[in-house]
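Heads up, the next two complexes both have subunit A, just with different partners, subunit B and then subunit C.
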Partner chain A sequence: MKAMNRQKLISVSTVLAVASLVATAIPAHAAHVGVSRSQIKLGMTLPMTGAASLGYNKIPGAAKAYFDYLNANGGVNGRKITLIVKDDRYVPTEAVARTNELILKDKVMALLAPLGTANVKAVASSVNPARRGVPVLFINTGFSGFADIKKYPTTYTILPSYVMEAKIMGEYIKENFAGKKIGLLYQDDDFGIDALAGFKTAGVNFAVTVGYASGSQSAAAAAGWITKFKAAKADVVILFAVSSATSAMLGTAAVLKYAPQWMLGSVGGDATTIKLTGVPAGVLYNAIGFSSVPATTDLNDEYIKLFSDLYAKAVPGSPFDLNVLLGMNSAFMTAQALKAAGANPKRKSLMAAIDSKGATFASSALVPTGYSKTSHVGLTGYWVGKYSPTGDLAPIGGTYVTYTTDSGTGAVVKSTYKRPAMPAKGLPN
Partner chain B sequence: MHKSKNSKHIGLFIFFGFLLFLLGNQVDELRVYQGASVAVYVIAISSLILLTGYSGQVSLGHGALMAVGAYSAAVARNELHMPIVLTFFVAVITTAIAGALLGSAAARLSGPYLAGTTLALAIGLPSLANQFEVLGGEQGISFDVGYPPQRLGDDFTQYKWFFWIAALTALISMWLLSNILRSRYGRNWRAGRSNEVAAQLSGINTARSKILAFTLSAGIAGLAGALLSMTIGTVSPSAFPLALSFSLLAGAVLSGVSTLSGVMIGAVTLVAIPEIADVVAHRIGSSENVTTNLPGLIVSVLLILTVLFVPNGPVEQHHARAAKRAVNKKS
Partner chain C sequence: MRKQRLVALLSATALVTGVIVSIPVAANAAPACDGKVPIQSCVGVTSDGAPYAMSVPANFNGTVALYSHGYRYNIDIPAGVPLVGGYKITNTPEPVPGGNVAVATYFFSQGIAIMGSGFARQGWNADSAIKTNVELIDTFKKQFPNTKKVIAWGSSLGGFITQALNEKHPELISAAAPLCMADSLAAELTMAGDFLWGLKTLFDPSIKGSDYAAGAAGNAQSVGDIIKVLTVMSKLSAGISTGAWPDTSSATGKSLAAAGIPVRSALLLLGLMAGVPTQSAHFDSVSGPEGALKLTFPLAVSPALAILENGTNAAILAILATQDVELQTGGVSFDNTKTDYAARVEDERIIFNAALSGNAVINAMLGALSPANPGAPRIVGNAGAIAKLNALHVNTGKINVPTVLLTGVADPITPAGAVQRIVDIYAEQFANEKLAAIAKYKSTRSYVAPVKKLVTFWSITPSKGYTTFSSAGSPITTTPAAPGTNHCNFTTAQFLLVAKTLVHASKTGKLPLHSAITKAGNIYLDSQFRAPWLKYHNQ
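On to the complex of A and B.
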């Protein structure tokens, strides 16, 4: 009996050791990595579990909902899209390990929509998709540094940068709140530093700025911030913060009956996520907000109609929110890029397709993208809206007025961009 | 007696190093990368085994000490442009100093109080990086050890370079550590752990002995932190979450917390689990919810099985059984 136990023990240890070292038999450089006659493999890592997964863990389900629809309608040139999703728990070490698995073991053609500045940076540095020629499509971070095409030649951003957002906010303030006292709450790290740079370029003079360290936000901290804004008699208070800080601030302000004109950054202004923190969406009422895509409740919009229908069928009972819309939109743009990459897409031709035709891809967004041979910048602007009592952002005056700009010193302009009609059935043509 | 034992050990480590060298040339890039991760975990877990198994102190904050090592190595590299070998020394020394400070406080605490203090460290310390511009905030700073030397050939990948550095460092530190543990210091630690009063009566300054253990353990954890950040090319607060400290503890329990010789088991398990979970999830065709929670479940089950069946770890258990059999045979 004892001998058997020991034997078992030895065999378990051996299996564990061998499991980590078994070499995969597939050749390292297949002709078209990730593309076979019948399928195209794409990979995604993002937080599926852990504290940071809230909201973001809906993105894979959203992307898969679109790809399933696409596959049911013939895929891309007969090839079905397989999306392999791995959990990185929002930890860079995990993101690197999982991305290595995706590229070296699963042999995906491209990475899709990875999330988080620190994670994308660690993957760029260690896995080095640029050196391997692996496309990193439509990353979910607004850090402006990823637009550096020399440093990240295979990376394509999708969200407008925090600098762009701050510049557009600045322009809106100039047009509508000239002479008013402006206050700013910002996160005291790169997220906030990008924002401060944008406000500086826009020439906004603040009566008061309050920085907070990431993780320090709470109702008690918010009460302290409010004292500062009150003391400075701020008429307009900008919350350029994450959802938890935004909801702490709005929730505490409602209790203290402090009601300046709120202006919310797009990162923290998602009503669904704010509701998840336990604060009623009503606190958002009348705040000014910014978005690149249509309101998720706007069922008159053809994309919202199609995407919300597909999502409801694929993931019944899960609310259709901003994360879902962005996930489906990225999947939709990926499908067009694959289609544009030719009958036999390769990594290189995929990137070349986005460089040459990406700016003309159909998308639910109401602002243009900036893709070209010299730029991998995605969406370039926002429309301005006000929140309804139920926390839905709707355009001021009923029509979408959009602004576009860049992450540098370029001017903020009212955009004349007309979104192209959705291709038939929302499939790439 | 000691000398011959030491040289035997050196021979063993050199032989093991040669094996790793051969293995590194046989397997593909992913396995080489995982090998580097295993080496990093070997160092990190052994620092915890030294602290808990030998000197009887608990730490839930070793992830934070790894962060100290990682940041100091990266700053030494980026700001002072030190050669890579020196940055690892900087990591060890800086973290050892931090460990000495912490150890001074820790020597006065025990049990849950010590656990609480180190837990607070694990939660608080990494986010301190947000306060200093030189540490790069939430997105962190790069830690680039550079490409492998040209003379190793064009096929020599970056990950193989990481593997060489990490594996060599692991071998050297394991050799040093196993020698220290067999020295007077190791015996003092064990004496203090078994019965503090008895140890004091036999002339051991247990407070000093504990601080020394904490200092050494921290230094080794710092080295592991620097190597970990080498494998991901960057250092950021989110790379050292509370979960890392708990993973190390789980690794130490799986390895057998009272002996260094099982450390590979814990390290390999931590690296292999996500992949094993992936395979299992595929086999049973489970839902996404199951797939994402499976790694946590596997670690928990393994921990329970270890505590139930091999509480001192598989290697220690094996030794105990062998010794018992030998005694039985003699009688």
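On to the complex of A and C.
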């Protein structure tokens, strides 16, 4: 089949060359899929309803808030961005159906920020955006496998991989909790496989690991997990889990008065989401957390200031949290990619723009991205923080110290990355 | 489904033999025709003993549509057996799919005749059926010398036979339409056999599954297996909600049960290993009842129920086809001694991780099914029998005449991947034809673009979901099968779409533009749609 693809490429290009000899009736300005003279259509599937939607269902509103702002300021080269959002409820088969609708009926130019490893994988297998040449931008999963550019040539990650996160956690543990008994709660799928791989690379030895199957998390299950951590006398418990599992664990721990040193992974570590489930803010106090973007309460940060203002106007009363920030940041980077794709952006030029210029795009993130012609790896690191008495994550010592690494065996190093200044008014240059 | 088919066969018989004319006793004699107007009926027997029927309109325009029926079981099945009981071997000719009167009427309205053979033997009969069809075309042309064109179409195994005509005898046909086309026998048998082996290995080791005896004893064994499989499926149906494993489970199955592994996860794994679709007649893996199970049901339960529905079909096929093939090849023709089931589910274990209950459970199940576990013995095939199986006709995917493919995306018997394989191979063929045209242009300075000879109609499942629930939240399974599911589950509108496309192609030598194909519901013309190939191909 590989041979066929090569042949196809050769033949297509040659046919085009031949056709150009005689083509006289082709319109001079043929419209490209999802792009008209006045708008660019993007599509997004993620859980908007149901048990898995908590927190994540704010991402579309956040992205739209930025795009509305962009549109009000002229859009991208005069084209307004239209974001079409479909609810997949975190069910892979539904994600496939909704993504098909986005591509075939709504005819979007690109998919933006789909969420969940299983869903992104199901779409890759069944809808096959790669074969269709549809860009899948800034996916909301840190599964390191999606960085395989041969397997997913049109997919761009944005979150640091779970391997990277586990390696950076491991480094922090070595520096701060040497000799302590470490426990790990992880999701028993590829999310967890990445985590275990990262911790192994970092040389972390666990006193106890507890895996849970996706979908099995509940307060009752959490009580069982706590029993295991207690039995192992874990001093530090890492919750490398989704929001619902993290919340179930912390909520149940509060009831059972179980209070080890918590360490929260970024996936389930959004304080706003956790508190919405009824977990007292005090439970989070002094827990250690990780983030690649500034603290959402840091209004001194120019991105946080702009994004939180925009979001407050667009979605009044909705707290500005990590999901919102990541959604707006992805929209902001998408706008830059579209701008960099030229006056008449196409799917190919959009991807080429990220390949060539993505690493220099402005972003609220405090760590660099790894985009290049040979890499679709997004953010590559984290800073370490602690949760305040009100449950807000802030950098330890008040200063962001960022660490960067890769998804392989590369070392964890302090990052020297200097974040580009936000372009004027937060609009793409 | 089988009863529906029998009903359809009766209708077909009525259609083509409205007035029964006596079938010539001598094989390969000229057909006996009743000479009636407006439709003349002819019947006869080919040299291999295959009965056939022809219906020719008075305004016959020189085109005849040759239909090849699908796989029919090669043994009688006692009436008491659920689902398939009461079936008797029949070689009744079927000149249009299921005796569809609307389709026949359409052809007649165009001045087109119809014909079909019941074939000399049932079961997997592709090699002999190809010869029968070639002879039938010749017989028709002799009887009706003004015949100019032959349209070939067929369903399931008949689709395979039709594609074989496309490849081996393009000089005889003007257009072709393999419908719900079967893959090669080895590929089909591997899918069904893998699933049946899994059922036997985990849920009922008394299922024989292979190495059936000859004659009546073998028939009794296979019928006994069907009953056991249906019994196991019934127990699994209950177990999906209660968590209980069948009481007939093997020691391996019982150890997995003791480890707390949900039986629904085990059943789903077997389906995924075999390549059985995860959408079925009534389970879409999308919908959930209102309330607490709204998300859990589609995420964790529905895929297993879809495997239950689809797998029942696959397992029955496995039993009857295995027995049939063993009779033809003289020994055990299925061999899974080297099958890497873990590799088979490399992608699916990510997508269905929740329904499979996580990696620890998946690894435990795959470990239990590995060759390293003596409690999960693999089936060792007979080398001579497998060689004979491999010597049977296999389609290469070559497209020589304008061709229409129609298949359901969740067909459990002939999975859509069989069609995808043809689509992919033709893509390569077309690319080569373009290269040849370009090479010719370089020497002649005249570019003649190759004509696209293949269009694929995917019959899709409703994208919004189709599982329905009672007020108590229980799934309803008494409604008609959803479009795109079940085997060869096509509407008359879809058959007519294919028929009209074939007629257009036979007249013009070209397929119609996509924009002209809009009237049959649930048809998907997306050229980039992709179904996974059957697992046998190890793509």
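Going forward, the second predicted complex is superposed on the first by the 395 of 429 C-alpha atoms of A that agree within 3 Å, B and C clash if a C-alpha of one lies under 4 Å from a C-alpha of the other, contacts with A are read in each partner's own complex, and residues count from 1 in each chain.
Rule of thumb we're sticking to: a contact is a pair of C-beta atoms (placed from the backbone, for glycine too) under 8 Å apart; a residue touches a chain by one contact, two chains touch by 3 or more.
Keep in mind it's a predicted model, so treat the numbers as computed, not measured.
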Touching partner for A:Ala97 - first (subunit B), second (subunit C), both, neither: both
First, second, both or neither for A:Thr117, with subunit B first and subunit C second: both
Contacts of A:Arg89 with subunit B and subunit C, given as first, second, both or neither: both
Which of subunit B and subunit C A:Met48 touches, first, second, both or neither: first
Which of subunit B and subunit C A:Asp190 touches, first, second, both or neither: both
First, second, both or neither for A:Pro60, with subunit B first and subunit C second: first
Touching partner for A:Gly211 - first (subunit B), second (subunit C), both, neither: second
Common interface residues of subunit A - those touching subunit B in one complex and subunit C in the other: 21-22, 50, 89-93, 97-98, 100-101, 104, 117-118, 121-122, 125-126, 128, 188-190, 193, 213-215
Complex interface listing, subunit B residues touching subunit A: 23, 26-31, 33-35, 37-38, 127, 130-131, 136-140, 142, 144, 158, 228, 231-234, 236-239, 241, 243-244, 264-265, 268-269, 271-272, 274-276, 278, 288, 292-293, 295-296, 309-310, 314, 317-318, 321
Subunit B partner contacts - residues on subunit A that touch it in the complex: 2, 5-6, 9, 13, 16-17, 19-24, 28, 48-50, 60-61, 85-87, 89-93, 96-98, 100-101, 104-105, 116-119, 121-122, 124-126, 128, 143, 188-191, 193, 213-215
Subunit C residues touching subunit A - in the complex, by the definition given at the top: 278-279, 284-286, 294-296, 298-300, 303, 347, 350-354, 357-361, 424, 427-428, 431-432, 434-435, 438, 441, 447, 449, 463-465, 526, 528, 530, 532, 539
Subunit A residues touching subunit C - in the complex, by the definition given at the top: 1, 4, 7-8, 10-11, 14-15, 18, 21-22, 50-52, 89-94, 97-98, 100-101, 104, 117-118, 121-122, 125-126, 128, 131-132, 187-190, 192-193, 211-216
